[in-house]
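Shared between the two complexes below is subunit A, which pairs with subunit B and subunit C, respectively.
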Partner chain A sequence: MREYKLVFTGTTGAGKTTAIAAISEAAPIRTDVANTDTTIDKASTTVGLDFGQISLANGDRLRLFGTPGQVRFDFMWKILVRDAFGIIILIDNSRPDPLADLNLYINGFEQELLTTPCVIGVGRTEAHSHPSLDDFSIALEKQNLILPIIPVDVRNADDVNMLIGILMAQTEAEMI
Partner chain B sequence: MEVKLRLGCLGLIKPEVDLIRTILRTSSRLEGNWALVESGECDALLVYNAEKSVAPFVMKPGTQLIIIRRRGEVHPGLVFYKPFRADELVDTLILIKANFGASTIATVSETSGPQKLYRLKKWPSTNLLSRHKNFMLLAVYLSRGTKTIENLVTLSGQSEKFCQQFLQILIENELVVEEKRTVVPASATQVGVRQVETKKTFLSLLKSRLGIS
Partner chain C sequence: MSIPDYIANAAKDECNNLLSEQNGILAVVIASIDGFDVASSVSKMLDPSRIAAMASSIAAIGSVVTQEVSLGSSKSVTVNTEDGFVYITYLELAGVNYVLNVVADKTAILAQVIYRCGEIGKRLKNN
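Our next item is the complex of A and B:
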């Protein structure tokens, strides 16, 4: 039986826990505590990591890991992303500076992004259209990165599956 | 229709030959690409020793000899160890087929000259990608290393005309880097082929599990 790993990362409130819950076959294990940060409008926040799972027909498993969003837990990011099949960076477009948020994770996973498939999902774009997806693309280009960027609502399993589908396409492209 | 590759067995006892025949018939990884032959030309030949005579088989240029040895014995080249393990024979046959296909492609490249390769230099605008539902997928493929049009056709399942149209749009919008060089297929190793096959199986099962086509 083989195990594969998929890592969801992004700022607090971007939807990592929700995304895993949308597709995990069992209720994901969460490490939440009450949120005491009044600048962030959510009742609880992840302080360890989230864990979910998808079982495949041959017994292999895809383990879903959600990193804690706060920067003080960034030491866990590199541990979690080791040997990952892909990285999904979730951005909350309602935050004050989503481009700076993206920059944080691009820098945090700088080495891993050289080889590991990665896709960026931007949430809350219907109500918050700025910055645009093209703005994100330009920001990545300045760092010599070309990554797929798509709008998502991670409460919707189809959107989360689309993100994973893009990671799979990247993997297939590297096999040819 | 793709022609099956032919595997011959020389010097094996009947139960061993029956086992090989069963492996060829039942292995999903071989995808029906191999057939057992009892004489004549073959693409690969399982033998205990590099016989002086391989009759009733006929060796042709490119026929691969797979030597049978006891586990623990060292032998250069392709080896099938006893006690037999089906997955090891399947790995070896996949490797032979991969190199067989690669040498065919190399021959075509030699006669048709250098090929054009394309690589995305900037992620396309939302406007551009929204023109067709399959544009994003093609952009994803082009964002991971250089690709020929044939690569895009293989990956996407779209027609060559469609892939060319998309590339033309990218070229007009200065979003793609174009190179010309002779494409030399990478030589496959047993480990490399096994890793690729494992990955393909994982992707296929995950697509099925998530309902992604």
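Our next item is the complex of A and C:
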């Protein structure tokens, strides 16, 4: 049995904790505390990490880690991404500037993205169609990156599994 | 979330006093549990906002560990290093939990810091 580490990161409120809870086989470990930041419309926020696990059909296991979203916790990003086989960046398209949000995490994980497969999941696209997925692609191209960009509802386990499946496929493609 | 000025001032005074009165203290930071510094006193080039965020992460991870192993609520976390220690505990300001973080070099005495932090917690709770 092999174990893989997967990291969910991205905007505060984009659903990192929700995504892990949607697919984890056991109750996820959470470090949510009361949010005192009035610029963010959330009752609680992750300040340490989220953790969950799932088993794959072949017996391998995925260990799922979620980072805090806020930049002030970027030291946790560096801790959690060590030895990760993949990174999922979740973006909330209802926020004022989702492309700037994406850039924040692309820059925050700049070194890791040189060697680690990554998928971008964009949430709330049905109610907030701008920027479009093409706009995200163009923004990535400007950074010399070509990454899958997928609209997702992370409350839906199928959507989260789809993100992971794309990430795994990317990994396998790179191994060929 | 804002706290009354007189409590914020009292918290700032407590940070200053601990830093100046106790040998080896490098930083005293009181942070909200989601990582914002509300009162601090630091020496050297330490950034209170970074310390506040790290203290809240460590405190939260400490809490989740004690919940996982059914040891009750976490009261403090100590990180011992070659050159000193970091001590993190909780205190209450205006009925809300905050994190008190002390960074010290090896000339500081951990037991004294723990005692002083307890006294600070009592005084600020009753403020």
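Brief remarks on what is shown
Operating definition for what follows: the second predicted complex is superposed on the first by the 168 of 176 C-alpha atoms of A that agree within 3 Å, B and C clash if a C-alpha of one lies under 4 Å from a C-alpha of the other, contacts with A are read in each partner's own complex, and residues count from 1 in each chain.
Simple rule for what comes next: a residue touches a chain if its C-beta (ideal position, glycine included) is under 8 Å from a C-beta of that chain, and two chains touch if they have at least 3 such contacts.
What you see is a predicted model; the values in this text were computed from it and never measured.
Once the complexes are laid over each other on subunit A, subunit B and subunit C both fit without any clash.
In the superposition on chain A, no contact is made by A:Ala84 with either subunit B or subunit C.
Once chain A of one complex is fitted onto chain A of the other, the partner contacts of A:Ile149 are limited to subunit B, with no touch recorded for subunit C.
Angle at subunit A (Cα centre) between the Cα centres of subunit B and subunit C in the superposed arrangement: 130°, in steps of 10.
In the superposition on chain A, A:Ala19 contacts neither subunit B nor subunit C. One of subunit B and subunit C touches more residues of subunit A, and that partner is B. In the superposition on chain A, A:Val7 makes contact with neither subunit B nor subunit C. In the superposition on chain A, A:Leu113 makes contact with neither subunit B nor subunit C. By the document's definition of touching, of the two partners only subunit C reaches A:Phe73; subunit B does not. Overlay on chain A (Cα): least separation between subunit B and subunit C is 25 Å. No residue of subunit A touches both subunit B in one complex and subunit C in the other. By the touch criterion stated above, subunit A contacts subunit C in their complex at residues 29-31, 33-38, 45, 47-49, 68, 70, 72-73, 75-76. Across the complex, subunit C meets subunit A through its residues 1, 32-36, 49-50, 52-54, 56-58, 60-61, 63-64, 68. Those residues of subunit A whose C-beta lies close enough to touch subunit B in the complex are 2, 4, 23, 54-58, 60, 62, 85, 117, 132-134, 137, 140-141, 146-150, 161, 164-166, 168-176.
Across the complex, subunit B meets subunit A through its residues 120-123, 125-126, 136-137, 139-145, 147, 151, 154-155, 196, 198-203, 205-212.
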